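Working notes, structure below.
So that you can tell them apart, the chains are marked A, B, C, D and E in the order they are listed, and the count of residues begins at 1 in each.
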Amino acid sequence: MIRVEAVGKTFMQRDGAGYTALEDIDFEIGKGEFVSILGPSGCGKSTLLNVVAGLERADSGRVEANGKEVAQPGPDRIVVFQDHALYPWLTVLENVAFGLKQKGIKKKERRERAMEQIRAVHLGKFADRYPHELSGGMKQRVAIARALVMDPEILLMDEPFAALDEQTRLLLHKELEQIWLNTRKTILFITHNIREAVTLSDRVLVMSTRPGRIKKEFRVRATRPREPGDSVLHHIESQIMDTLAAELEKVAKEEYGNDYTLEKSPLSHSAASNLGDGI
Amino acid sequence: MIRVEAVGKTFMQRDGAGYTALEDIDFEIGKGEFVSILGPSGCGKSTLLNVVAGLERADSGRVEANGKEVAQPGPDRIVVFQDHALYPWLTVLENVAFGLKQKGIKKKERRERAMEQIRAVHLGKFADRYPHELSGGMKQRVAIARALVMDPEILLMDEPFAALDEQTRLLLHKELEQIWLNTRKTILFITHNIREAVTLSDRVLVMSTRPGRIKKEFRVRATRPREPGDSVLHHIESQIMDTLAAELEKVAKEEYGNDYTLEKSPLSHSAASNLGDGI
Amino acid sequence: GSSKDNAGSKSADPVTVKIGLLKNVTHAPAFVAIQKGYLQTRLGDNAKIEVQGFNNGADFSTALATGQIDIGYVGPSPVINQYVRSKNIKILSGANNGGAVLVARKGSGVTSVKDLAGKLVAIPTKGSTNEISLRLLLRDQGLQVTTDKSGTQLIAMAPADTLTAMKQGQVDATLLPEPWGTQIANEGIGDIVVDWDRIPPNKGNYPLTIIVSGDGFLKDHRDLAKSVLLANEDAIKFIHDNPDETYSLVSDELKELTGKGLDAELIEAALSHLSLTTDIDRDALKTMAQVAVDAGYVKGVGEAGLDLTGLYDLSLLKETLEGK
Amino acid sequence: MTTRWRKALFLILLLVIWETAYRTMHWGWRFPSALQTMQTFYDGIANGQLLDATMGSLRRILIAFSLSCVIGMTLGVLFARSRLLDETFGFVVVALQTVPSIAWLPFAIIWFGLNDMSVIFITTIGATWTMTIASRSGIRNIPPIYLKSAQMFGTGRGFRLFYQVMVPAAIPQLITGMRMAWAFAWRALVSGELIARGIGLGQLLEEGRSLGDTSVMLCIVLVIAILGTISDHLVFKRIENRIWTQYGLNAAKT
Amino acid sequence: MTTRWRKALFLILLLVIWETAYRTMHWGWRFPSALQTMQTFYDGIANGQLLDATMGSLRRILIAFSLSCVIGMTLGVLFARSRLLDETFGFVVVALQTVPSIAWLPFAIIWFGLNDMSVIFITTIGATWTMTIASRSGIRNIPPIYLKSAQMFGTGRGFRLFYQVMVPAAIPQLITGMRMAWAFAWRALVSGELIARGIGLGQLLEEGRSLGDTSVMLCIVLVIAILGTISDHLVFKRIENRIWTQYGLNAAKT
């Protein structure tokens, strides 16, 4: 269970000015819920996740995880990072067992528990490889195994599949869903892929940018396991796209300056027609 | 117009064994047509494109572009690479003008023609920046401008948007479609994103792996400009997914070895249900 | 240096005496004292002798001042330089006077000291006794030492390198200890311009090799220092009496120090260009010190001039001479 | 700003401690005092000796370094382009690179004499092999995609490809190689000057040693340190950073 | 395989050309012939002089290098962890690093005498600053995500974080720094031995020079080249490559 109350965060920029990354964020994630956060690049998704993980401190507001206030990172809230963050000097097995080692668990038990998780992500044969010998998808699986072996109540995932190709991503979606269905962890999942968010989550929070706020919330009421052809998903996807359109435009305008006018924007056009479709 | 006839290509591997990357590839792309090639990683898509571009030689068969046999790279067939391949020591303007310079065009005209294309991709303000000062999407725009300024009859694009985030990719899809509608270049587009292929192309060629062959061809008869909500697209997407399922499994099995059994595979499951959906 | 605990208990613990010397024929008394065993005999069986050869007096003086050697043979100029700084070394005795010559390269156009204007002259080390002699020569002729062609340029170079440099025409003249000068003349590379008995100060009768000791050693092992002086006198006497035998002894010691012996004729020539004596001409040394001061090698000397009184301890020499 | 003040303060403190230590701990002639060193420095500047020596050393290293850049790059390009050459001769260059160039000094003295030429020779030798290896790998490591796309845009495979694409593409590695080569050249120069002759910092240092004058020695070491810092950190490193930033290669670093 | 043969052939050819050149071009005493050199090499091995010298040099460099690794890494860690230290003292280390360590030799001779200690001292100095800078930046450049996730898994912020994450994460840079430090140490050693005394390769080289025996000189240069190649390319570079490959840092290179 995660409770985020009126959280705000301002970064000091190099020029000395403050940059409000998060402002007045309020939400709650129930136990065993799978919630995604969507938003344009730079809107503060990672910052929010880091605050929940305890890796960064909020300037205002409070964050509670499992009823306790979050003050520092802990093994009850494990983050799966976008670029896996496996230790290159450790083998797959050692990487997965790293957290257990810190808990002081004996070598033999450590090994057993780690192998169990490694097998669960179909990498039994690769336990003695080093990360660089694995493909991107396999590394991400190891990262998930490393998180699961800690048996945390909360999994925080920061664009875990962004660096992967489409096919691998599809495979991992299915696996993640399966794992979640089996273990019923509370998962906070960050992505900027609308389809991914819709396919995986119970609820999707859409963030707005500058400052980062929660703009809208969507509940995905589709059957599990999710199927790509499900029209409920397509419908919600269109709705989210619509919500995001204005934000995307804001980002695009910042990037291209006045070269990029609203009239010409192909996105608002598509979003509008999309909306009609959705209805 | 591109004609590929019975093209085959075998690489010598480090262990001395030959690896058949392409076998008996046959297809034709009409003038002004937008054709995508889809296929699992390593199936030979890039190899095929390089052969068409003249950057690699086929071992057998022949490739014709605009009626002439392809023997070496030329300015009538420009490739847009996945990682843009802009020269970091040149500004945006100089990068775009690079090809014109080789043609011996005077500095003033070069500048004008390059600026025109740069403005067409909404980067007028960034002409004097160096590539590292641009975002991924902007770099890819520059790469496109650099290709367009050569006014080639054929554009060859090798996963040009794979490294971008979802939102930028959506923006660029629309732009590319617009450019194509305006200029009617012949485009051969490589991707492993099914949705991208379906959204952009007139035709989609699906490749199988080991050896690389054309497995199936899909014609996308949806109105232009394409709209994400179009049910024709969703339908074809499902069909393609189905066609790819077996290939993806092949790849997955290779990666995970026997750990990964057909029974457990979540993909064939989803593909099957997907198929029903599609029908 | 040798440890203090050994002082006085001569018969009990063995003492190591570290003797330094330069690898020059002008150190012949030292070579003979070692080769003939005079040193070992005088120091007694209890003393272990360690010989260290140095390439120049500067290194020797540094080693002496820092206690890496106890006593040894060296030229006076570097000793004065070192004494002014560290004040912890003493001159005990002389070993020979003279023994350096000024040689000019054939074709350099140098036939007298006057011709050295605008020429390049090599010396073994900066601040060496030979350099002081050279400076005195130049001063007598009213020539300046400069860093450009307007006067005489000096360059520090090991004698072996000087030989090569002269062959290649890179050095015009050199003032250096024997037998290098004779060798250069013999090989036809150059001619002797100022012979050993006309080199200032005192027309060749200046100390070129002397015996010096560190204060520490002198304090703890005065007896051993005296033994060294005695061995030195033995050696000088031997050289006077058996010149022919001396040549091979010198060559042997040189071979041990440098890996290469020397022809008897060269050694003979060298030995005939110096006078072996235990005398110390303090006036000559004073003149030399003044030249070093003028050259800026010795800093911090007040109006009163250089005070070298603490540099000499000739009482041991007196004892040995009287004791005979 | 505060950092600069802190540095200045630290320097002043250092001087004070140094002088105090000298006086209280009686280092005597083994290490000069701060005041003695400053006096020597002032004298050296005043009588021009220090400036002459610095100029002499700089002249030598600049000649040697230019030579080794030219030779090294030429060799490097040859090695990069000819597989045969690389495979048969390559290991010789690698072996030569590991030889401290001072080891050639005795030969240089025989060939050129105890003079400038010898010092320039060993300084050149000291930097050349590093430059060779850097430019070879600089050219080798050019992403093939740069060369491919250049040909697509019509540079051909000849000289235009070389100077429009290969040279600029290799520049970051060349600069890094130059910085390394400079460090080696600098070391070779000082040790060469210590042994061989000629007006230079090394020779001045050796003179200081002959006369047992530690304040001269320290003075020279300080001048060498200042020159080294300026050349390496204020010139080479700056250029390197600028180029690497322009080429977008620093992203991973920060 | 063919490459190996070609190399061998090239070497033999080189020897033949060398000997022929010597005989036809009358190099005389300026450069030894191939046969003379081999004879000298054989003699040196036979009478044990060459082996003794090699062992002497190796002993010195190993002592010095170990010392400088220990000192350098300790300093590096301190600089990496304390911003204050880094900002006030950092520039001193940078300046010291640019001073060729041979410049300290005159001081070393005064402090320790013309002996082993002096050579070891300047060799140590020659490698220490490079090690300091390498380990400082190795620790500084650890991706923050490694440290974050380590804390998440419960290493805390103390010693366990240090030796379980910081040290291994910095190893690739440490190895590269060591390789660089070794090259500097090697240069310092040879120039130090040339000037100071003690049984070593540098001293043997200097003896060869004073005897005007070029074959001894070349022999020593060859031994130095072989030792250098073995230590740098067969030891350090291999380790570096292995580590960089294991850490997956070479991907971008090839």
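The definition used in the following text is that contacts are C-beta pairs under 8 Å (C-beta built on N, C-alpha and C of every residue); 3 or more make two chains touch, one makes a residue touch a chain.
In this text the structure is predicted, and so the values were computed from the model without any measurement.
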Set of chains whose contacts include both chain C and chain B: D
Rotation in the CA alignment of chain A with chain B, degrees, nearest 5: 180
Between the pairs C-E and A-E, the one where more C-beta pairs touch: A-E
Inter-chain centre distance, chain B versus chain E - centres from mean C-alpha coordinates, in Å: 50
Centre distance in Å when chain A and chain C are each reduced to the mean of their C-alpha atoms: 84
Inter-centroid spacing, chain E versus chain D (mean Cα positions, whole Å): 17
Residue numbers of chain E (touch at least two other chains): 109-111, 209, 212
Shared interface positions of chain A, touching two or more other chains: none
Interface hub residues of chain C, defined as touching at least two other chains: 62, 66, 164
Complete list of chain pairs which touch one another: A-B, A-E, B-D, C-D, C-E, D-E
Complex contact set, residues of chain E against chain A: 143, 145-146, 148-149, 151-155, 160, 165, 168-169, 171, 245-249, 251
Contacting residues of chain C [partner chain D, same complex]: 56, 58, 61-62, 65-66, 78, 81-82, 85-86, 125-128, 147, 155-157, 161, 164-165, 168, 170, 297, 299
Touching residues (chain side chain B, partner chain A) in the complex: 40-41, 119, 122-125, 135, 137-138, 162, 165-168, 170-171, 174-175, 178, 192-195, 225, 227-230, 234, 238, 241, 244, 248, 251-252, 255-260, 266-267, 269-270, 273-274, 277-278
Chain C - residues contacting chain E, complex: 54, 59, 62-63, 66, 68, 158, 160, 164, 258-260
Residue ranges of chain E touching chain C (in the complex, touch as defined): 109-111, 113-115, 207, 209-212
